[in-house]
Amino acid sequence: MIVVMRAGAAPEEVRKVADQLEGMGLRLHISQGVERTVIGVIGGRVEEATAAAIEALEEVERVVPILEPYKLASRRYKEGGSRFDLGGGVEIGGEKVLVIAGPCAVESLEQMQQTARAVKAAGARLLRGGAFKPRTSPYSFQGMEREGLEILAQVRRETGLLITTEVMDPYNLEMVAEYADVVQIGTRNMQNFHLLREVGRIKKPVLLKRGMCATLEEWLMAAEYIMSGGNQQVILCERGIRTFDTYTRNTLDLTAVPSLKQLTHLPVVVDPSHGTGKWKLVGPMSRAAVAAGADGLLIEVHPHPEQAVSDGPQSLTPERFAGLMRELTAVASAVGRGI
Amino acid sequence: MIVVMRAGAAPEEVRKVADQLEGMGLRLHISQGVERTVIGVIGGRVEEATAAAIEALEEVERVVPILEPYKLASRRYKEGGSRFDLGGGVEIGGEKVLVIAGPCAVESLEQMQQTARAVKAAGARLLRGGAFKPRTSPYSFQGMEREGLEILAQVRRETGLLITTEVMDPYNLEMVAEYADVVQIGTRNMQNFHLLREVGRIKKPVLLKRGMCATLEEWLMAAEYIMSGGNQQVILCERGIRTFDTYTRNTLDLTAVPSLKQLTHLPVVVDPSHGTGKWKLVGPMSRAAVAAGADGLLIEVHPHPEQAVSDGPQSLTPERFAGLMRELTAVASAVGRGI
Amino acid sequence: MIVVMRAGAAPEEVRKVADQLEGMGLRLHISQGVERTVIGVIGGRVEEATAAAIEALEEVERVVPILEPYKLASRRYKEGGSRFDLGGGVEIGGEKVLVIAGPCAVESLEQMQQTARAVKAAGARLLRGGAFKPRTSPYSFQGMEREGLEILAQVRRETGLLITTEVMDPYNLEMVAEYADVVQIGTRNMQNFHLLREVGRIKKPVLLKRGMCATLEEWLMAAEYIMSGGNQQVILCERGIRTFDTYTRNTLDLTAVPSLKQLTHLPVVVDPSHGTGKWKLVGPMSRAAVAAGADGLLIEVHPHPEQAVSDGPQSLTPERFAGLMRELTAVASAVGRGI
Amino acid sequence: MIVVMRAGAAPEEVRKVADQLEGMGLRLHISQGVERTVIGVIGGRVEEATAAAIEALEEVERVVPILEPYKLASRRYKEGGSRFDLGGGVEIGGEKVLVIAGPCAVESLEQMQQTARAVKAAGARLLRGGAFKPRTSPYSFQGMEREGLEILAQVRRETGLLITTEVMDPYNLEMVAEYADVVQIGTRNMQNFHLLREVGRIKKPVLLKRGMCATLEEWLMAAEYIMSGGNQQVILCERGIRTFDTYTRNTLDLTAVPSLKQLTHLPVVVDPSHGTGKWKLVGPMSRAAVAAGADGLLIEVHPHPEQAVSDGPQSLTPERFAGLMRELTAVASAVGRGI
């Protein structure tokens, strides 16, 4: 942490701030520049609260953090990327790009069976489908709940595909974790700290979607919540951020992929369906995600997008998905990976 | 809802879409323009899912919603603004601008007593203070929890000030609601739909903070969740949105105040402390909020900002708060209100 | 400037960077922390190019600027605010809040005469009106050009109101400056550096609108361009920034007013018409701007908004403007100022 | 255009608005819904000014445009993509992905010769380098101007590489166009309408960078300015937009590539150097751009990034650039293109 004093701060003012920092057991280095004096903390980790308290001092202009606030999620904590088994030998973080596909919401057994068979045939390894749905309107369909989970379980037995589904609440975590191979945390819950702590206690991998306006640091701190609870199997999922641009539903921040590869060891997947909101853009952005180094993709597929209870406009038909998988195989190979 | 067909859509394609809409029991009006055909739904409310499904059709360019999706929160539902009693004759939404003041977090009995006495003397009617704190870092202080609520209760008894404090979780709602006169929903929980439903079942007024990147419509839909559960006493709190600008902690969207006055009957308060992140800006923005028509203010006050466990840089000292209250009285009077 | 070395940088790598900085004549202070080494530049101003070059080094994690890059625009350059005479004893930056009013575009002599008489009667001191219009579409009306300037001149003679009008191009600067009392730089030209340099050479006050996505620092650097050319009479005009929110045309960043009061000595005015895009919001946001400490307002007034060639939806009628001026007088008085 | 009337608008109010529209020669269709009446314009193109004037009416809630405002730039104007020759048989918009490389600024003959030889050997077809530099600070290096152009011309003769360089001002357009094979319009000038009109009159291809906070529609309208002047050879260049995220210099909006492919026939290139601001991210994002369907790339290369007068942190060394070109060849081939 570096403390920049206000212009014209008197030596005794600098001393006062330094005393307060030293009183917290920190070791300092004071640099008196021509226009500003700067105090550098060179020993001891500074708590967030300490930094804020120091910044509240009248004599202080601002405080510049130097170290990243996450530890377990940091690349430095674990050189080389994390890879882990999701079950049945399906791995994330390795050479193969993992494709997760399925509808936004579980609507019926037939819908899920039809989708599962199609995406499996095309090469997907996990099936997605929401049984609990976060909906902007209280009057919209909120998901089939346990009945939806039962459908997922049945389709899992029939096809052998692993299952990922969203948990919206600590209340239902036990139930969801019983059915899911990968538990998903949605974008609106990225900073639902209670939920993060609870999924930190389970043994299942967690797919953590980026909050709609979360910085990379906030996102990694959310991962840190889960990891500090004991669960190291966190997969980060970029799904678009909110910007001024309205042509697409969100602005897919694909640069987050290589950026995260520098900051963290955790695997990174991309959701081009929510990231764009338009099925015609899903193909190009899936190819781009793989070329940028994503470890996986989360793609919405629905047998009849025009009948979907949600996200129809961004869902691929099974035929289009199969075509995309062939394209992705070529791109993955061009960057030294497989699907 | 208006459905804009793709350029060059054939009559039979238009017919197909129209049939689908009519099959849902909707009444239509088809306008064939020179360059585009447009289908207007003139009878029947269109579900969100329906709109999405129609937009998923290949022949459709886009769907334009015409009606606002909220009902109970709409200005049209209740002409004139809502005003309600928070307890002990303290009212929100009336002629008087309500000032809520106190520290970010409850830290000790002494801190709360000292603050409460000072803000009461200066004219505040409610005391704020968090017992459960949403913190970006899992390693930061997370609040005094029940002990903090007990401190609030004691200070309430001693000073007669009403209490507002945040609930982060349905688990603790009953406990928090037992102590609080106004239950606060934080910015990160604005779309925690389970929590919204639960506070919809209690009888206490709810202060609903705007999500960091929520549109006015999403915010009002969050209020609709609470209201559709039976609790009509929702207070909206603007606290700044996230933009590209980094000079301030958030960008206080003060225009939300008069905008909401046109869209909804619910009272609107402003939090200039989180909205700016700097105590020197709290005074001017508090005055501006009152001039823009806010029904109340939520201001962070701490006896020793440089010792605060959080939000020190944006907290006023009791002396500065007292000075501000005098200024606010003059501004309120200039716009025909009192404090 | 502070240089943060990468984690694990070896002493010789630190030495290499230090040598490069010292080779530029800078004096340094090296702080070796437990996790990172930090090099502080304590003597000598660092060029932007130098900072970038240092940041390009592999061993360097990032460079943190400490000093603000503007000089003449800085509050420290001139304690107390700047106030200057715009002509005829009309002052900006003093006790009185200056109101500038008029239509977006000059459309006809009658329109300008009618508007000018009305806004003068209501208390405005300057008349606005564009003769050159920046328009998103090449097919839209681009302004009356010299004929429009002639109309402004005639109305000026008839009413005694000062004139402010936009210059879009160095080509027309001489012509515009001949007619205008205050030359306006539009939001899309805030970083048209050639134009900034040229207005730096004239003797007329310049109203510099904030770019749609400009930070405060970039905006002050644009002012610095003008001031470094010799023209110190710069007025900053906040007119809304672009954010994710679409309810209003722009997001009026009113906090910029008190923020700028800390950073610069230049006067600050607010344009609530472009800032909101809706005339119903202009009144509340004008009151708020005055309460926040603005030195002036720029308000669109049109005798027949529904016939305006541009910006009709955000224009007040003369009657509404007169009513607003009465309200503003009360608010200005509450904050110790007049209109 | 669709006009949505306010809730509860009386029949005579609807009539009044309809009369005004019909008075402009437009043909209408009035749909009286249960909650709102909607007027659709079905014949005649509506001017921007008309739409604004109608929206200014008290009885009108809002106006929804249906048609895109650009014509010449529209995909519908020219089915299939545009491809054009930049000189010497180098084509844009065809099967081959065009790579443009070089430093931010022309600094010396040696620097340019060294860069040109290296990027040519690696497969680049155009050399970039700025002789006129838009700089945030008036105190920074502003470019070598004509001397820089002369250097570019010499390197062009020596290597055969085509040249692209930025024009900042109509004043210098003739001079720049004399030297450049492709004239570049920078991000800060995307809405410098005078400059756009002037480049519309020349015969050279124009590379039009996206404004930092421009929507796709505004960007295409800027292209329309150029095209309506007679110059159809416009290349669009995505270079990142400004968002809340600060880890990267800008947020590269790669989804703009496939989106533009649906909206316009113009070629699209990507600048991952400005788009990310960090050379380590340039490789992955270049690969991603090609996979997303970009027609070209604009990459900053400098022989000594740590000595560059600008943009060092985002410049590749010639060695890294050569390595990247090999990767790009594989990705291009995977999507059916060459380099």
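Letters A, B, C and D mark the chains in the order given here, with residues in each chain numbered from 1 onward.
Heads up, the rule we're going with is that contacts are C-beta pairs under 8 Å (C-beta built on N, C-alpha and C of every residue); 3 or more make two chains touch, one makes a residue touch a chain.
Treat the numbers as computed from the prediction; the structure is a model and nothing was measured.
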#### Entry: Any chain that touches chain D and chain C
A, B
#### Entry: Higher-contact pair (C-beta pairs counted), A-B versus A-C
A-B
### Centroid distance [mean C-alpha coordinates] between chain D and chain A, Å
31
### Task
Could you please state the distance in Å, as a whole number, between where the Cα atoms of chain A are centred and where those of chain B are centred?
26
### Message
As a quick test, compute the distance in whole Å between the mean CA positions of chain A and chain C.
### Response
39
### Task
Please set out, as single numbers or ranges, the residues of chain A touching at least two other chains.
213, 242-244, 246
### Query
So that we know how the chains sit together, what is the shape of their touch graph: line, ring, star, complete or other?
complete
### Query
If you look only at chain A, which of its residues touch chain C in the complex?
2, 4, 7, 29, 31-36, 38, 40-44, 64, 66-67, 76, 213, 242-244, 246
## Note on the structure
Touching chain D in the complex, chain A uses residues 213, 215-217, 241, 243-248, 251-255, 257-259, 262, 275-276, 280-281, 283-285, 287-293, 327, 330-331, 333-335
### Summary
Given the complex, residues on chain C that touch chain D span 20, 47-49, 52-57, 69, 134-141, 168-171, 188-189, 191-194, 196-197, 212-213, 218, 221, 224-225, 228-229, 242, 279, 305-313, 315
